[in-house]
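Both complexes shown next keep chain A, but they swap its partner, so chain B is in the first and chain C is in the second.
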Partner chain A sequence: MVALPPVLLIALPLLFAFLAPLVGMVSRRMVKLYTLLVLILNALLSILLFINVMANGVVYEQLSGFYPPVGILLSVGYLGAILAVLINVLSPVVYLSYFGEAENSVKFSMLYMLVTASSTGIVITGDLFNMFVFFEITAVGSYGLVASLRTKEAFEGSFKYIVLGSIGSAFILMGIATIYGYLKTLNFYDIALRIDTMPETARLMSFIFLIVGIGVEAEIFPLNGWVPDAYQGASNRVASFLSVGPSKAGIYAIARLIFTLIPIMSGFELSLLLGIFTLVVGELAALRQRDVKRMLAYSSIGQMGLILIALSLHSETALVAAVFLMVGHALAKSILFIGSRDYSGGLLRNPLIAGPLFLGVLSIVGMPPFPGFWGKWYLMVDLASRGAWTIILLIVFTAIVEGVYYSRYLFRGLNGEIRTLTKSEIASIIILASILILIGLFPQYLYDPAVMAARSLLGGGP
Partner chain B sequence: MIPELLQPVFVISAALLSIGLYGVMSKRNMLKIIISLGLVDTGVNVLIVAMGYLPGGTAPIENGNYALYVDPVPQALVLTAIVIGVSVMALALAVAMGYYRKTGTLELDKEGVMKW
Partner chain C sequence: MKKALAAVISIAIFIVLSYFFLTGSAPIDYLKGGNYTDPITGEQYNHSVPQQYVEDTKNDTGASNVVTAIVVEYRGFDTLGEVTVLFTAATGLALLLDELKRRTLPVVDPNFILKSAVKVVLPFIILVGAYIFIHGHLTPGGGFPGGAVIAAGFLLMILVHTTRGLPERKLSITESLAGISYVLIGLLGLVFANEFLQNYLPLGNFTMLFSAGIIPLIYIAIGFKVGSELGGIMHNLKGVHEE
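Our next item is the complex of A and B:
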């Protein structure tokens, strides 16, 4: 089989995104189909890349003819390949839900392709500054997507996102500047090799700058105040897409930061604390919400906290848990967001909608056999083996809180008059739910790549 | 590591950053927040350029006679960062305009952007 260069995953959707207005000049209705085809092409490319990485190990590609550490290096590791597939396969499925809408916005489709490309860029890059640029493209695209509804709430959510996103990018830049000031390099491997030569305080400082900055996209405390407002103001499919693409790319960047870039003990402790805080605050805030999308957004924050806890434990089992939690969260949340209305009343009396939504809720709260369950299970196994009972208690407590507000969500959904979604939205959530079921029935197909990803990360690889 | 000479630069950068962050956290007017974001950006950019500075270095343009030149990478980074900063600011202004058309005001609800 021909090994395709990974850069295609970024370059093709970028190119096609900017060709979209030309297609729009011919026929605005064509743009949706065009975008869907581009996204499906990218999904196929990402699957080929995944197969290649799983068979032959990490794939490297140097860009623009300069050798590393000067030139930009792409490096697709196991975790990167898993997330590239996750993002690129779910992105067309979520986009499918746009077909039922009367509007044909060329700009929306362009931004959608851009964010898909740049989120993929984050998970396959091997260069710190390149990662920053992709972060910015992701962020700018997401600001636009959030504002695309043009309501007061949409503008407000987008503005908050812009403000916190810019502060986050300033923090990332400061982290990069600190590292560059000492090591004069931006390549991940070069930094990892020589990170020990940096003074302890400088290392910790750059770690804090980077984790706070990246934490904006990854929805990690302290700069995640935009999440509820942006998710509430955004349209359903945008909220759904945000929980598939940008947030997963963000958490990947944090994984690279704490494992490859600056693997220091205080770093793991700090990210564990941030994770616990994010989890508890997110879940407790979700309990208080009346608005469905706000509730789901706070629940997202809680889940991202849980993933960060799993990453910070620095063990194979916990990392496998993190992979399952990421996949489970992306699938379940994208279903729930597409199927969310201002209130959920009546939606669950339509069996075609109730099925996927119910499965999504089951996976989020951690019922077997869904990925959410496997994630929590492996996490618990790891925590129990090291006797961290306080954290176990906290996770059980937040799981109960989750159970409470999700059962309230289901209960409300079963009452009221029957309402429905558009056909394409239903198709989209049914596909997502079938992927969820497939992973639940055959977890070993995710387990094996997850173990490889965990071993590679623990060994300092990508 | 870092030449003594540069200390004032770091002070300026830190000052710009803190003024910007204070503005973002305390103001509710969208335009004032956007201006504060500009200050934050500038503060960071000053810091990065300072990272690559060598006392007495010339511009990093190759002309045959290799003299002492400053590190070109931070300058390239800052150029990128400036472009990104400008586009984000343009987008922020566009969003503020949209918000104004919907509500007739530039003041954000509640306690501004830092509210959870």
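Our next item is the complex of A and C:
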């Protein structure tokens, strides 16, 4: 098989996004189909890349003809490949729900392509500043997407996101500047090789700068003030897309930060603490919500906390758990967000909608055999083997809280008059639910790559 | 009273800061430190990345402006990203503004001085902007400032032709074509050389206009793109009011 260069995953959607206004001038109606085709092409490229990485190990690609760290290096590791497939396969499926909508905006489709490309860029780059640039594109694109409904809530959510996102970017930049000031390099591996030569305080300072900056995008407490408002104001498919693309890219960046870039003990402890806070605060806040999208948003925050706990345990089983949680969360939350209307219910009396939504809830709550279950199971196994009973109790407690508010969600959905979604939205959630079932029934196809990703991360690789 | 106090405080801060700057220890050598290692081959080098940038730019890229060489060649992929950030911001703004109901403001007739001055100055502004981005590899400047200068010309046009505005469609086409040509220049690197954005043109004579391979081409694309993008942003902001 021909090994295609990974840069195509970023360059092609950029090219097609630049081309989109011209397509829109020829025919506005074609733009949706055009965007869907571009996203599907990207999904195919990402699957080819995934197969290549699984067969041959980490794929490196130099850019502009200079060896790293003088030039920029792309490096696709196992975790990066898994997430690249996750983002690029789910992105067209979520976009599918946009068909049949009266609104027909070329600009929306362009932003969608750009954010997909830049989220992919974050997970396949091997250069710190390059990652920052992609963070910028992701954030700026998401501001526009969140506000795209042009309602008061949408503008409020987008504005909060802009404020926090800009502060976060400034922090990332300061972290990068600190590292560059000492080491004169921006390449992940070059930094990792020589991070010990940095003074202790400078290392800790850059770690904190980076985790604060990235934490905004990864929805970590206390940096996630924008999350509930942005998800509430955004349209359903945008909320769904945000939980697939940008948030997963953010959590990947944190994984790379604590494992590859600055692997210090206090870093793991700090992120464990942040993870526990994020989990508890997110779940408890979700319990109190009256608006269904706010509830789902807080639930997302809780899940991010769980993933962060799994990452910061620094063991193979826990990292496998983290991969399962990421995949499970992306799939289940994208279903729930597309299918979220208001709380007055009625939606679940249509079996075609009830089926996927119910599966999504089961996966999030952690019922076997869905990815959410496998994730929580491996996490529990790892925690039990260290005797960390306090954390186990906390996770069980939050799972009960989750159970309570999701059963309330289902109960309300079953009552009231029958309401429905558009055909394309139903198609989209059915495809997502079938992927969820497939991974649930054949977890070994995700388990093996996840183990490889865990080993590679623990060994300081990508 | 307040103003006097503010003046005293700022003078004090100025004196303290300049004391620290002037009596500091020996100047820091920003190039030193951090000899790098190639992460793939594991090869060790005995100089740092900034040293490589400063000393080898001429041989590596043929550009006489080191900053340009870093921006467009060594870290060209980042610049593609930065161009995309601006593009994304402009697109997001257009998404929010261009379908809101437009209400033209009461027309204020521009005064005579502005009208007649623009006729004289505008060609020169465009010329300077174009000069800045075409000579980006030789002199300070480049695609971003050049494009911004051209956009300043557009702003003058908006101020003078209050009713007409800018040709939005043409700006949009220019912007698309410039972006596409940037990515295509990069992709041709994959075809003619080995890597994305790698130089595949002859480096030419040092310090001459036709030198430095693909750098001038990329900067021309960026100049057009930034100019039309900023112009589009100003056009979108003009006379748009929420009902």
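The rule is short, and it goes like this: the second predicted complex is superposed on the first by the 461 of 462 C-alpha atoms of A that agree within 3 Å, B and C clash if a C-alpha of one lies under 4 Å from a C-alpha of the other, contacts with A are read in each partner's own complex, and residues count from 1 in each chain.
Note that in this section contacts are C-beta pairs under 8 Å (C-beta built on N, C-alpha and C of every residue); 3 or more make two chains touch, one makes a residue touch a chain.
Remember, predicted model here, so these are calculated numbers, not experimental data.
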First (chain B), second (chain C), both or neither touched by A:Met174: first
Dominant toucher of chain A (residue count), chain B or chain C: C
Which of chain B and chain C A:Phe108 touches, first, second, both or neither: second
Which of chain B and chain C A:Gly65 touches, first, second, both or neither: second
Chain B versus chain C as contact partner of A:Ala147, first or second or both or neither: both
Which of chain B and chain C A:Ser166 touches, first, second, both or neither: first
Chain B versus chain C as contact partner of A:Leu41, first or second or both or neither: neither
Which of chain B and chain C A:Lys184 touches, first, second, both or neither: both
Which superposed partner A:Glu136 touches (first chain B, second chain C, both, neither): both
Contacts on chain A seen with chain B and repeated with chain C across the two complexes: 129, 133, 136, 140, 143-144, 147, 150, 182, 184, 186
Chain C-touching residues of chain A, taken from the complex the two chains share: 5, 7, 11, 14-15, 17-22, 25, 60-73, 105, 107-108, 110-111, 114, 118, 121, 126, 129-130, 133-134, 136-137, 140-141, 143-145, 147-148, 150, 182-190, 193-194
Sites on chain A touched by chain B in the complex: 129, 133, 136, 139-140, 143-144, 147, 150-152, 155-156, 158-160, 162-167, 169-170, 173-174, 176-177, 180-182, 184, 186, 225, 228, 285
Footprint of chain A on chain B - complex, ascending: 1-2, 17, 21, 24, 30, 33, 37, 40-41, 43-45, 47-48, 51-52, 71, 73-74, 77, 80-81, 84-85, 87-88, 91-92, 95-96, 98-99, 102-103, 108-109, 113-116
Touch list for chain C against partner chain A, complex: 33-34, 36-41, 48-50, 52-53, 60, 73-78, 80-82, 84-85, 87-89, 91-96, 98-100, 169, 172-173, 175-176, 179-180, 183-184, 186-187, 189-190, 193-199
